[in-house]
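Following are the structures in question.
Each of the next two complexes has chain A plus one more chain, namely chain B in the first and chain C in the second.
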Partner chain A sequence: MAQVRYHGHLADLTGCRQEALEGTTVAKLLDQIKRQHGAEAYRLAKRSHIIVDRRSAGAEKGFRTPAGLDSLVEFIPVCGGG
Partner chain B sequence: MELERYRRQLNIPEIGTEGQNRLAASSVLVVGAGGLGGPVLYALAGAGVGRLVVMDGDTVSLSNLNRQFLFTQADLGRPKAEVAARQLAAFNPELRVEGQVCQLDRENGKAMLAGCQLAVAAVDNLEGRLALNAVCVEQGLPLVNGGVEGWYGTIMAVEPCKTPCLACCYAGTTLEQSGEALGVVTGAVGSLMASVALQLLLGENPIPGELLLYDGKRLELERVPVERSPDCSVCGT
Partner chain C sequence: MILPVYAQVDLTNGRWRKCTISAKLFEQYLGGKALGARLLTDLTPAGLDPLSPEAVLIVNTGPMNDTGAPSSSRFNMTFKNVLTGGIASSNCGGPFGMLLKKAGFDGLILCGKAPELSMVVVEDGKIRIEPCPQLQGLDTERIQEELPERYGKLVIGPAGENQVRFACAASGERVAGRCGAGAVMGSKNLKAIIAFGTREVVKANPEGFEAHTRKWVKQLKKHPMTGDSLPRYGSAGLVSKANASGVLPTRNFTRGRYEHYEDVSGETLADTKLLRNSGCVSCPIRCERRVKVKGKDVKGPEYETLGLFGPNLENNNLDLINELNYRCDLLGMDTISLAGTIAFAMELQEKGMGDFGLKPGQPEDLLRVVEDVACRRGPAGELAEGSKILSEKYGGADFAIHSKGLELASYEPRKSVGMGLGYATANRGGCHLNGGYLALLESVGVISMDAQTPKGKPELTVFFQNGMEAASAAGFCLFTMQAMIPGILFKFGPASFVCRAAGKAMLAARPLLSQIWKCMPWIMPINCMLVPHSKSIALATGLPMTIGKFFTVGERSYNVERLYNLREGLTRADDALPERLTKTPQEPDQPDTVVPLDQMLPVYYKVRGWDAHGVPTAKRLRHLGIPLPEEG
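Up next, the complex of A and B:
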């Protein structure tokens, strides 16, 4: 089980800051988020800045980035405004 | 330099006379003079950073005034960079403040950074941030990046080839902006950005290899460690 941490509004939508989820890739973790927390949480998680074990998933394999049993996956709001 | 102006900060051990002289001899490029750029610029000008280059191609609009406190109602329609330069010069006449009414791109970035020791990305779009990041990495100059979205904000300090750059972090990320921006959040995030900028000018990076998250709703700060991407198209080896 990967440890998943939610930041920003996603923590409100999921009702938790951290949980363990089944899934071997980011895509599979996103499926779990949809199943457990609904479509809105899934939509927000999918467009988050996703960091897997200290590396940005976008710079790795995107949604196909592997998430191991001991992985820590962070979902961070993308803050681009000023 | 009028030391009385800085009397309350000269006793701070990390500053002192030596640090104050260092700040006075420093030049900083701030790209974006809006909700984040305003508090960054005021804090750097107040602290005595000797030269500020303010770059913004936008004009002041009414919807800016909920958070962009460099401007007043009388400034509506005027170029932000010009108004900001005028305000800051009046705020601290000892400084050299240059307003550049244009958007940053890969072409003009190098010229704008000439003579600067640091850049600050306070723009409202990802493209602008990535363009400034690329120029800073190319020039080997540190960059402080900050952004907001509603109640939330993130801050990062890029030291080229030492810490992750913005491309390491934001590659493959699509930005769906809601346009939500609140003065209390931009003010807090802008002040944190200015604190990071001042410490970098004084020789310390307070958030090396970390993404600092500000949650203005819960009033929390969190640090998330981030590593460089070996395949980064901008800073990768």
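Up next, the complex of A and C:
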């Protein structure tokens, strides 16, 4: 089970800040999110920054990035600023 | 075409006169920081003390101020940088700029020194100087309450009067924060400038302008960044992502992650402290946070303040950060430079290299420190000089986190190396915005770009530096530039193939990006909604503005600022970062987590058309229509 942490509005949509989910890749975790929290949470999670064990999935294999049993996977909605 | 009208004001004798900016200068520089840099170069000799009576302070608007264009209330202050000795421009979204324009002036050029504490009153095309000794020592809120309500106000607090090197100037609750604008006003015995008038901006094509503005506002409101994320979380929303990317400066930039970051994140701010969001005049984005400090509804902290008064000082007390932010605004000090200087002084003290009466591990004591700095009182009062001067006296240059003397903003560049290059080359010193803000592409934005590679970063830095320079010159908020990132990318997300490919494509476009400046402005002789700024300027002013010309204004401005810095004695050696960031990897097991400045700088100079010493070549200056320094 990977530990999944939600940030921003995603925590509101899922109703929790952190939970354990089953899935060996980011894509599989996203499927779990869709099943457990619905399409809106899934959409926002998919569009978020996804950080697997402190490395950006965007810089790794995207949605195919592996998530291990002890992985911490963070979903952070994209923000602006400066 | 209506040309900008400026007033030259001699504070020593109270005399003033109107002057009109020529059509050529207007077209070349527009206004704001670009025109400010040109005028400061022309009006002052080299080598002046920035706090001497002979020093010049330019307070000016851009052509878009008070037009009703989106996010166009920004006005500018240009002067010799109190921290770096080079160029300074400081930007503010308060109501003063709009009222200055309504009073009949696009800018003020102030020189001399008033014989006693005074204020400049600008009203319906006329200017007078009034002594105001009764305002001495008042904070920025109190003084604005004391002055008549209808005026737009630009004031300093006690820190400005005491010439703290990073003192700011305030208009409403917004500040021109960086580089010491407040100290320059203080050195001139200038406590306030107030303006009122009823002049309306005449637009070249009012109907076309209104239609374009409607379309642009719609675009900003629809865009995921300016229409959702910024209104929802403000810039504070960046804390979590910055931490996850390793760019959240922690413990004087020794690390890029903070274990208690959630305590000071934008989400926590929104969930537990936020009263509502607000914004500058004419801005549809409304990114400002309103929070309660001691029962009072006040402006909340930006990301920079959260990062630098929070993780960088290992402080996870959000209430305290809110209060420190408010106190700094009242006293009139830049939170970035102050917090950066405190972090440096704490490390000096911990290493036994100096004693400033700081109490590491007791964040509540920071409130006392802030007051002491503003009043230049006690051992902590020495922090009013900033990191660079402290490091020259006490040592520790390798961990004094500044560039050219200006403290770095809240992005740890070892995990965002393009941002590192931006800090090092920014004309006003360690500024993320003047530096091109590549952190948005590398670390915190929607595009997935390799944050460690130096390849492509010089080209992208030049591109964004020039674009942001032009937007600022016109009077636009730089946040409007963030809507240039296609909204469609946000539908896919940073982990998607599309956003990853976008990042790779931007880096791969470096040969093209390095060449476009040779054929700008002819390469983009058009206007389109990808860069709505240029058409807005054309419709409001009647200038034949295109996207190409818009970016050329930015490039021209960047070169004029560079020439000013060179004239004042800054050199290639000042395009630097402290060794902590260039030699010590942030992650000990990842040697590439340093800023490879030596690899990026030569490419950057080449793209800019500068020689190996970072000096603009005669060829590039002629191309831009900038007089060669020896031609005057």
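Here is the rule we use: the second predicted complex is superposed on the first by the 80 of 82 C-alpha atoms of A that agree within 3 Å, B and C clash if a C-alpha of one lies under 4 Å from a C-alpha of the other, contacts with A are read in each partner's own complex, and residues count from 1 in each chain.
Here is the rule we use: a residue touches a chain if its C-beta (ideal position, glycine included) is under 8 Å from a C-beta of that chain, and two chains touch if they have at least 3 such contacts.
Source: prediction; values computed, not measured.
*Asks:* Check the residue A:Val26 against both partner chains and state whether it touches chain B (first), chain C (second), both, or neither.
*Replies:* Only chain C is touched by A:Val26; chain B is not.
*Asks:* By the touch definition at the top of the document, which applies to A:Gly8: first (chain B), second (chain C), both, or neither?
*Replies:* Both chain B and chain C are touched by A:Gly8.
*Asks:* I'd like to know which partner A:His49 touches here: chain B for first, chain C for second, both or neither.
*Replies:* both
*Asks:* Under the stated touch criterion, which partner chain does A:Cys16 make contact with: chain B (first), chain C (second), both, or neither?
*Replies:* neither
*Asks:* Looking at the overlay, does A:Ala59 come into contact with chain B only (first), chain C only (second), both, or neither?
*Replies:* In the superposition, A:Ala59 contacts both chain B and chain C.
*Asks:* For A:Gly80 in the superposed arrangement: first (chain B), second (chain C), both or neither?
*Replies:* both
*Asks:* Can you pull the chain A residues that chain B and chain C both touch?
*Replies:* 7-9, 47, 49, 51, 54, 56-59, 62, 74, 76-82.
*Asks:* Chain A touches which residues of chain C in the complex?
*Replies:* 224-226, 229-230, 232-238, 240-241, 244-246, 257, 265-267, 287, 302-303, 432-433, 437, 440, 444-446, 448, 450-451, 478-479, 482, 490-497, 499-500, 503
*Asks:* Quick one: in the complex, what on chain B touches chain A?
*Replies:* 32, 34-37, 122-126, 129, 146-154, 164, 167-177, 179-181, 186, 211, 213, 215, 222, 224-227, 229, 231-232
*Asks:* Could you please specify the touching residues of chain A with respect to chain C in the complex?
*Replies:* It comes out as residues 7-9, 11, 26, 46-51, 54, 56-59, 62-63, 65, 74, 76-82.
*Asks:* Within their complex, state which residues of chain A touch chain B.
*Replies:* 7-9, 47, 49, 51, 54-60, 62, 74, 76-82
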